[in-house]
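Shared chain: subunit A. Partners: subunit B in the first complex, subunit C in the second.
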Partner chain A sequence: MISLRKVWIVAERDLRIFLQYKFLLIMRAAWFLAQIALFGLVVNKMLTPEVQQTVGGNYYNFYAAGLIIAMLYSTSVFIGYDIYEEADHGVIEYLLSVPVTRKELVLGRSIGGGLRSFIYVSPMLLFVLYIIGVTHPLQFLVAFISLFLFAFGVAGFSITLAVSIKSSDGFDILLGVLDALIVRLSTTLYPIAYMPSYYASIARFNPLTFAADLFRWGAGIESALLTPPAVAVFGIVLFFSVFTFLGIILHEKRLEGGSWQ
Partner chain B sequence: MPTPIIRIQNLTKKFGNLYAVDHLNLDIYDGEILGLLGPNGAGKTTTLLMLTTVIKPTEGTAYIGPYDITHQTDKSRTLIGMAFQEPKLLWVSTPWAILDWHAKICGLPTNERKKRVKWALEELELWNDRHKTVHVFSGGMRKRVEIAKILIQRPKIAIVDEPTAQIDIVGKHKIWNMLRDLRDEGSTILLATNELYEADVLSDRVAIIHKGKLLVCDEPKKLKDTIPGGDVIEVVLKENITQEHLAELKNTKRVVNILTIKPNHLKIYLNQAEEILPQITEFFMKAQIPIATIQMNEPSLDDVFAHYTGLTIEEAQTK
Partner chain C sequence: MKTILYVVERDFKYFFRYKWWIAGMISMNLADLLIMAVVYTGMVSQEITQQYVSYFVFFAPGLTITALFAAAFMIGREINMEVRREISHYMLSLPIKRWELAIGRVLAGGFRGLVYMTPLLITTITITHVFTNVVPSPLQLLSIVAALLFISIGTSGLSISLAISTTSFEKYITARSVVYYVLFFCSTVFYPIDLIQSALPQTLALVAQYNPLSAGADLSRAFLLGYPPFSAFMFLDVVAFGLVFALVAMLAYMKVTQK
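So, the complex of A and B:
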């Protein structure tokens, strides 16, 4: 039987630890500002009105919404780095010795990893919503809840990778490469219609595509190029379920086997 | 007959071909402090990690209260609290945050939690530094944060691994008293140490472990009484002793055994040392081996260890 109280205590610990990484948080926020205040504006000016029309009338809005998803992704994966940091300091052994079940521990970490990212990105999300403007509150609520699941799913994905790869250097490199590929092979920065077909076929199933297009739909951006919301919600729920489940199973198996020794 | 609260049965851990813990059998009784004494690498920490369910045994098991550590890991941990040898602290965390979280996950209600965390921080002289990150702390301060975890938790079974390593002598006495108080309040304490004095003064019983095997387990006094001959004469010579002289010395009346720590450093186990001491000094004078120092001691746990292994604890550590 899983105790939700204990899951929350574990999640809360990850929230507090995240706040200690002040330098990282400032740097990520600075990156966001540079992208939104510089890159987005410049690219927006470069695009023809025809192109702007295909993405709902304004590429800047399209880009700003995608940027939120990229931020959400890159901060949610940070839980995997925490796991390595804890392995270095032996904190994993400590966590395994406290009166909490392995399932509560891993679930708490997935939720903590996702929630802290969501909380961190929230002010940026509000800022982007202010720029875009929300026209359908109910629609936005659906998108908002799905983004929660997306953040938890990414945290589960990161935990799965962290426990599958035993070297912290290996994890570091893989996440760097994955970050570049996953973000670029999705619709976070550009619509799928402008991608070569071989890239588009991958991007269509990318969870970042589902999240970015769902967020745009929720924010009221109207474009025929977006993934249908029902498909996007289904994709996110599936992503969340698979990686939360995998994260729990693998994490539990590795930890119980004493692989961190 | 006291009730065992931990029953270790054939507990074994293999890393590759190496037996870190080799078919260990031991009962630990409710309300006692049991000292697990052995050199570094004896298998103490591995045993503790198996008992706390951090690692799985290769063979055998142990019961924590009624719970089997191989099948009832979650329930086993509800009775246990552990202070690790190396403090397990994230360096970006503060003592207050670490201990408050620990108390929370152990299920202490808010008021009691705050009270105990404050008490432990004050007692261990960490109160003024409670909001500093532990990366600015000395080794001794980090160790105190680690120990504070079990003092706050007050578990049914407290496992402490080298609790006073890196801590100054005043701090050591304070922690020993706090561990005794914890025992008096109803906790059973399993103390792993390679410090002979610590094991001697703190433990109700001492289990000596070497190369993953249990050699002997009893009260410190009874263990010392098992040393053949009741006394020990420790002699440091200015020159090395020859094998012939050593054999001759062994045949001296009332000499039971001789441990050669170095060729010029001997521990002579014997009966009625006061009477035979002049004879021993005369022996070295006749052999023309000048004595640097000579002293008469009661047997210590080091002598017990040497009796069972043929090595001092320092030698066992280096080998």
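So, the complex of A and C:
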């Protein structure tokens, strides 16, 4: 029987650890500010009127909404680094000695990983909503809940990678390359209609595309180019289910018998 | 000279220890060019990029600046760590004079940027040649490399100056992020100057106009694309940036190691 209280204790520990990464939090916040206040403003002026029309009338709003998803992804993925660090420093042995079952531990890590990034991104998310202006609260609620699932899914994805790769260099390289590709091959920065077909076919199935388009729909950006909300919700639920399940199973399996060493 | 080369060699060896970082950076740089710039090419108004063929071709020379800046900035992080952990005391115990050490560190940062950027410069020259048929003369090519070297040395100096102005890693990271983003997004690396002047406040537009990264990117474009026209100011800007920050960093480094 899983104790929710213990799961929460594990998640709370991850939240507290996250606050120690001051440098990471500062860097990400500075990146967001620069993108919103400089890059977004100038790029908005570069685009053709047709592009502005097809993204719902204002590329700046479209871009700001996409930035939130990119932020959510890059902070949720950080739980994988924590798990690696702990294996390196022998903290896993300590965690296994506390009165928490393996399932509670693993579930708590996954929840903590998603929740902490959501809390971190929240002020920026509110700022972007203030810029865009929410016109359909119910739509936004659906999108908001889906973003929670998205953040947990990304945390599960990162945990899956962290427990599947033995070399820490390999893990770092893979996450760096994935981070470079997964954001650019999605609709976080630009709509799918303007991507060459070879990129669009990948972007169509990218979970960041689902999350970005769903968030835009929730915030009331009217664009015919967005992924239909039902498809996006289905994509996020699928992504969340697969990677949370995989992350939990693989992490639990790896904890057994000390194969992380 | 020999001792300075030892210092440079040591920093070079350290640089290639960051394999994961280099792999991540290369993939990020190539993704910016081959994905982001390709997609924006279809979205950017042709009026804005008509003198540069397309946005993709416009952005290619900016890529080399992005790459060398990131690589040259790495030295600051190492020096900040050395000061905090007092590794600089060990460095001072070596039979090397303080000024030799200081020059070596600044130059190493600069050369690391240049070496890292070279494959990307070759990629840029190939791309611009394919799209414009322009082949830079040896003198033009030399001017581009010299300008990029000055930017790299200046960046290394800027990064070292920031790194030793504080022993707090968080403060260093914050300062680095602010400098990094302001210098990049207020420059002509990603967009032409006319556009910046119409989109950003006048103060930021002035930063973009005199920004050495803008001068470096535009100088490369002048020789690789034929536009904007080359002006001596571009070269003076990068030379001044390189010399001033190299000097500031050397003096600051010597002062910190004297404590």
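Everything that follows uses one rule, which is that the second predicted complex is superposed on the first by the 261 of 261 C-alpha atoms of A that agree within 3 Å, B and C clash if a C-alpha of one lies under 4 Å from a C-alpha of the other, contacts with A are read in each partner's own complex, and residues count from 1 in each chain.
By our rule, a contact is a pair of C-beta atoms (placed from the backbone, for glycine too) under 8 Å apart; a residue touches a chain by one contact, two chains touch by 3 or more.
From a predicted model like this one, the values you see are computed outputs, not experimental measurements.
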Check the residue A:G176 against both partner chains and state whether it touches subunit B (first), subunit C (second), both, or neither. second
Touching A:Y190 in the superposition: subunit B (first), subunit C (second), both, neither? second
Give one of first, second, both or neither to describe whether A:F39 is in contact with subunit B, with subunit C, with both, or with none. second
Once the shared chain is lined up, is A:S97 touching subunit B (first), subunit C (second), both, or neither of them? first
Considering only touches as defined above, state whether A:E86 meets subunit B (first), subunit C (second), both or neither. first
First, second, both or neither for A:R16, with subunit B first and subunit C second: first
More subunit A residues touched by subunit B or by subunit C? C
Now for A:K6: first (subunit B), second (subunit C), both, or neither, which partner does it touch? first
Is there a shared patch on subunit A that both subunit B and subunit C touch, and which residues make it up? none
Subunit A residues touching subunit C - in the complex, by the definition given at the top: 22-23, 26-27, 30-31, 33-35, 38-39, 41-48, 51, 169, 172-173, 175-177, 179-181, 184-185, 189-190, 194-196, 199
Per the contact definition, I'd like the list of subunit C residues that touch subunit A in the complex. 19-21, 23-25, 27-28, 30-32, 35-36, 38-40, 42-46, 48, 55, 169-170, 173-174, 177-178, 181-182, 184-186, 190-191, 195-196, 198-200, 204
Subunit A partner, complex, touching residues on subunit B are 49, 52-56, 73-74, 77-78, 80, 82, 84, 86, 88-93, 97, 101-102, 104-107, 133
So in the complex, the part of subunit A that touches subunit B is made up of which residues? 6, 9-10, 13, 16-17, 20-21, 85-86, 89-91, 93-94, 96-102, 256-258, 261
